[in-house]
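These are the structures in question, set out in turn.
You will see two complexes here that share chain A, one where it goes with chain B and one where it goes with chain C.
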Partner chain A sequence: MTLRGFLRGRTFRDLAVVTVLVFGVGSVAMLLAHVSPIDGFGALFDGAFGTPEEFAETLVQTTNLLFPALGIAVAFRAGLFNIGAEGQLILGGFAAGWLGAAVPLPAFVALPMVLAAGALAGGIWGAIPGFLRARFAANEVIATLMLNVIAFLLATYLVNGPLALAGAGPSETPTLPHAAQLPDLLTGSRLTWAFVIALALALFLRWLLFRTIFGYELRAAGDAPEAAKRAGIDLGRTALVAMSISGAIAGLGGATIVSGELHRFNTGLSPGYGFIAIAVALVGSLDPLWIVAAAFAFGVLQSGGIAMQAEAGVPRDVVSLVTGLVIIALAGRRVVAARRTT
Partner chain B sequence: MNAALAAIAAVLALTLVKATPLIYAALGGVLSERSGVINIGLEGIMIAGAFTSVAVSGATGSPVAGALAGIAAGALLAAVLAFGATRLGVDQIVAGTGLNIAALAAAAFGIVLVYHQPGASREVPGFGRGGELTLIALAFATAVLLHIVLQRTPWGLHVRACGEDPSAAEAAGIDALRTRFIAVVTGGAIASLGGVYLSLAELDLYSDGMTAGRGFIALAAVIFGRWTPLGATGAALFFGFFSALQFALQRTGVPSELMQALPYAAAVVALAGFAGRVRAPAADGVPYVRH
Partner chain C sequence: MQAVDGVDLDLFPGEIHALVGENGAGKSTLAAIAYGAVRPDAGTVEAIGTVGLVHQHFKLIERLRVWENVLLNREPRRGLAIDVEAARERVRRLGEEYGLRVDPDAVVETLPVGIKQRVELLRELDREPAVLLLDEPTASLAPGEIASFFGTIAGLAGRGTAILVVTHKLAEVIAYADRVTVMRAGAVVAHHRTSDTTAAEIAREMVGGEVPALAARAEVAPRALFEARGLSAQAGSSLIVDASFALGAGEIVGVAGIEGNGQSALADALAGVAPFTGTMTLAGTPLRSDEGPAARIARGIHVIPQDRRSEALVLDWNVRDNAVLGRQRQIPFARYGEAAREIIERFDVRPPDSDAIVGMLSGGNQQKIVVGRALAGAPVLVVAYQPTRGIDIGAAILVQSRLIEARNAGAGVLLISFELDEIFACADRVLVLAQGRIAGEFSRDGIDRGRIGSLMAGNA
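The block that comes next holds the complex of A and B.
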């Protein structure tokens, strides 16, 4: 792509909108809190980049946003509004944490099995609205929205009730055995191999969506469902498969948080990664490679926000406010064509 | 025997308290969706109503002024969604999701600015017992009124036409974009009363997360009530009853999480068509573009 083409393109316009929102709204909010924007943003960027440990935490937040955002992109590309990434992530985390702590697994399979359990649980939670959509034409937006809450309540019930394990605190599973933990990338930080897995997954999805027949059919179902149907693409099957993959990726993300960062499942493991990830996926133009960059930008805001509140006295809620406004601002792009024909 | 009767009476009274905010939010959702715009942002609109009414009631000492400001705030948020959905062609679902996140954060930020403490406001002048009963009665009156407006007035017919087939509505001389805009904004004003009820009738303060997903339960009530005002009110009462029952059964060992999950599960089941024929307005959530 030429530079001129890039500057005229949608991605550039989106980036400009996001930049203006972050610095414009951020500055106004800081002024309202009687903090100079220079101090406020200074504290934010210092908190995100200041020391190797802080930068590692930024990459941790990047990773935690990257998984659900990639999952969301797969569903959106197929014309399906998966806003259930949060619930898929939580159940993935629960499945990983419970399996790892409850079942004595041989050391060499413990880690893969724990991660696979997370992907499976998330995949099932994504498959439910996919199936309801394929079989009963049920609106997947409302279904995933409802399943988010059900997932949280279900995990809370299971971890405290029938599947409670000895030696665990309230709403938690016990610490995972060492073999089930993702190894650290940087000792002394929470950064683990989850980051590398997420990057590899982004590359794989880029290939899958844009270089394979499967990806072509999936995008066709999203972009031009009527034409896709006439060309012999089974829209119902595509919906089921896309939602399952989407949920599995978010579930895998939950499993990496449990296995890498926390070493246990906790019902409070996500501060809303599945929702922030909607902004990440949109800013990333639903393209896995751009999504990596967008996840990093939001990772900076997430990890720097903590320092901004502690050092400069600006409430962290400003970060969420900007995130919500970014989603509203980018809602204009034509994400889903399929809904318009059903 | 008397103890049992008292317990039943307590559950029924609590049902009304728990159902009222859901009724307001669900009625706002019904009006919006019947015109063809899905309002995922009901939760954010309730938050805006709850926070603004507390801030204004605290500043002026008048809960009525607070309530009016809360309604205005809810209508304003709905207007953002309505303008985007009718004039800019933005995606209603994505915009509504962003609205929820932004409203929650803006209220949390506002609490820190106004009250210099995170988490919750101080106590402000509320409606008291009489005002609470009035708001409860008003919820049911609004339901009946909305039913009459939708079924018996020309404007109601226009709204329903826009929700079923906006092109045909325009061909018949109805301004579909304007009708949708007014319906969504009015729906936002109604839904914000759910937030006002929570903050000025139930608690007399605002605390972060106090709407606790009621906007989403209201969306479930819209579906369960088959997109009608009276049906949605019935569904809100049903969900309110289970919420009240939860308090009554707290010490009996029935897992509260499973009871809390019921409205959401019921909505999924209803969506799949297991609870009889359920049909959304044909053009619900479908942007209308003039050609």
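The block that comes next holds the complex of A and C.
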């Protein structure tokens, strides 16, 4: 997207809406908590940027949001409202954590295998609603939403039940062997090479969506399904493929959290990354490069929110409130528009 | 943007006044202002009495009865209930008075199009309008029905109603209207008494210059190319039943018929969007019912769909990406721009900019892209479904000329159109479609307008 188009287009309006929501509603919420918005936002930004370690944590949050947001963007571009990134991410994390801890893998393939297992599990979890949509025209919004719950309960059951491993705490896998852990990018922080992988993935997806025939057909199916169908594009196949890719990317994100930050799977590995990522993808106009910027902005809110609570006494829930409003403002409009055209 | 600017129009009691102009000339806006649906920025509209409007696309409630539609919101009452007997009687009397006989108890969805239009007209007449506006009233009528429709309208005018007909059919203007107002680019460019002018003169005034000539037809000996036998298919409510016909290479076969007589099913069966029974063979190879549009395109069958906005274009995309839709796998991604520039040049797309967003172009320029890409890859069989719908004369002539050139170059062209003039201008042979069946076939030399009109109306 050119800068001129960006400023004229919806992206600019979306960003204006988001800015007003974050600072406007955020300020009101802080005032209700009897805190000066200047102190509150000051604490937030200080917490996100104050020290190298804090900045590294901001990038960790950015990374954790970036994977599911990129996955969501692929599905949305194909016209599929995938809100199942959370479940895809959790199952990806479980597959990575379990494989890494349970199966003794040769050192040089351990890390790729663990990450691939995460992508595969997430991809399968995304393919299910894609298949239901392609075969039975099932609404993917409802399917993905419900599969989130199933994914969480399935992972909880497996890790505590049939696939429980010796030496693990409740709802956890044991620590991964060193060879299966993503190396740190900055020692003394949780920032790992996952950040670099996510950035490379954004570049790759930008190319895939906008510079290949595959991306062309995927976007045509999303933007004008009837015209796409008549142009020989198989809408069912596109739905299946797009949802599988979408789920695989979210699943890979879950795997990087397990392999890089936690070094084990834990059912509480995501504080809702898959949901916040919907807002990230929409604020980023479903364009992988803008999504990187949007993920950073939300990463700031996530990591700064903790500091804001500790130092300024503003409940962290203000961040959740603002994020929720952004989702309603941006996603709500798109859902309404999509329902009108179908 | 100004749709109409400084326009004067007088209607007199008892006259039939035609308002003509190209798409976007401002005639619909002017009619809407006269009706009161659009408020003018400057100027005044005066009418002695009420104004009625009959829409091109009927605004009837299909599942209600005729009297319910005619008297909607004006039902005669007895206490809290509707006086059904009085309502029936009122509609019956109204019909007799104006010579528009309809069964008041018929459910609208069961009625043929011509009768539906009577209902629409009766609804307006019940309000006794001093001025009656008719928007493209003959768009869905057979030629025979058109004459009787204007007979009714003349009767209305005879009783003192002023009638304004918005239309693009110039032959009807000359035949049935008293006066005509010609609009171009938001302004009135001419007023005539129809007895003092010709259709050719009006066309020149609409275009603002000479109307371009259609491409010449080369002498081509058609070779066998395509054959349908016992073809039946369904697309939505559109049905084609047991149709058998042949189409040669280097031949344009026109499919004449009134909208809603199976055209969509025929086009969709060929496009690979609707499954079919019976057989279709292209160059000796049978088409499979379960193969999709991709397979049809690969066989060289290119369809120009009826609704370019929803069935053919991605409106948010630019010209380049739209110009290759359908051929996106046949052209390397890096060559998309080149393919688009060829179409822009050959079809005079304006603006000549591959980065322009297609949704912002005029209908004519959008259609040039759709037709251009269908003809770009040396098609074997082109199915053109209403290829000039709602576009200006210049663009229409260009589209028709390119179809004729494709035929000259050896393509088979199936031209499905609701405009008989278009079919007569372009086709080598004419099939008549009525109620989903092929009701007749005419060679170019043997075209009998009266007979075709009668077949279109469903008379054997």
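Note that in this section the second predicted complex is superposed on the first by the 324 of 342 C-alpha atoms of A that agree within 3 Å, B and C clash if a C-alpha of one lies under 4 Å from a C-alpha of the other, contacts with A are read in each partner's own complex, and residues count from 1 in each chain.
The criterion applied here is as follows: a contact is a pair of C-beta atoms (placed from the backbone, for glycine too) under 8 Å apart; a residue touches a chain by one contact, two chains touch by 3 or more.
All values derive from a computational prediction rather than experimental measurement.
Q: Clash or fit: chain B against chain C, after overlaying the two structures on chain A?
A: Overlaying the two complexes on chain A (C-alpha atoms) leaves chain C and chain B fitting together cleanly.
Q: Look at the residues of chain A and decide whether chain B or chain C touches more of them.
A: B
Q: Touch check for A:D317: first (chain B), second (chain C), both, or neither?
A: So A:D317 only meets chain B here.
Q: Kindly classify A:A227 by the partners it touches after superposition: chain B alone (first), chain C alone (second), both, or neither?
A: second
Q: Touch check for A:G161: first (chain B), second (chain C), both, or neither?
A: Touch partner of A:G161: chain B, not chain C.
Q: Return first, second, both or neither, reflecting whether A:V20 touches chain B, chain C, both chains, or no partner chain.
A: A:V20: touches no partner chain.
Q: Using the touch definition from the top, say if A:Y216 reaches chain B (first), chain C (second), both or neither.
A: Once the two structures are laid over each other on A, A:Y216 reaches chain C alone.
Q: Of the two partner chains, chain B (first) and chain C (second), which one does A:F136 touch, if any: first, second, both, or neither?
A: A:F136: touches chain B, not chain C.
Q: Which angle, as a multiple of 10 degrees, do chain B and chain C span at the CA centre of chain A?
A: 70
Q: Using the touch definition from the top, say if A:V196 reaches chain B (first), chain C (second), both or neither.
A: Neither partner.
Q: Tell me, in angstrom, the smallest C-alpha to C-alpha distance between chain B and chain C in the overlaid model?
A: Here the least C-alpha separation of chain B and chain C stands at 5 Å.
Q: Is there a shared patch on chain A that both chain B and chain C touch, and which residues make it up?
A: Residues common to the chain A contacts of chain C and of chain B do not exist here, since the sets are disjoint.
Q: Inside the complex, what are the residues of chain C that reach chain A?
A: Against chain A, chain C makes touches at 271, 273, 292-298, 303, 305, 310-317, 321, 325-326, 328-329, 333.
Q: For chain A, which residues count as touching chain B in their complex?
A: Where chain A meets chain B, its residues are 29, 32-33, 81, 83, 128, 132, 135-136, 138-139, 141-143, 145-147, 149-150, 153-154, 156-157, 161, 272, 275-276, 278-279, 282, 315, 317-321, 323-336, 339-340.
Q: Give the list of chain B residues in touch with chain A in this complex.
A: 38, 40, 80, 84, 88-95, 97-106, 108-109, 112-113, 118, 213, 216, 219-220, 223, 255, 257-258, 260-261, 264-265, 267-268, 271-273, 280, 285-287
Q: Considering the complex alone, what residue numbers of chain A touch chain C?
A: Residue positions touching the partner: 211-213, 216-217, 220, 223-224, 226-234.
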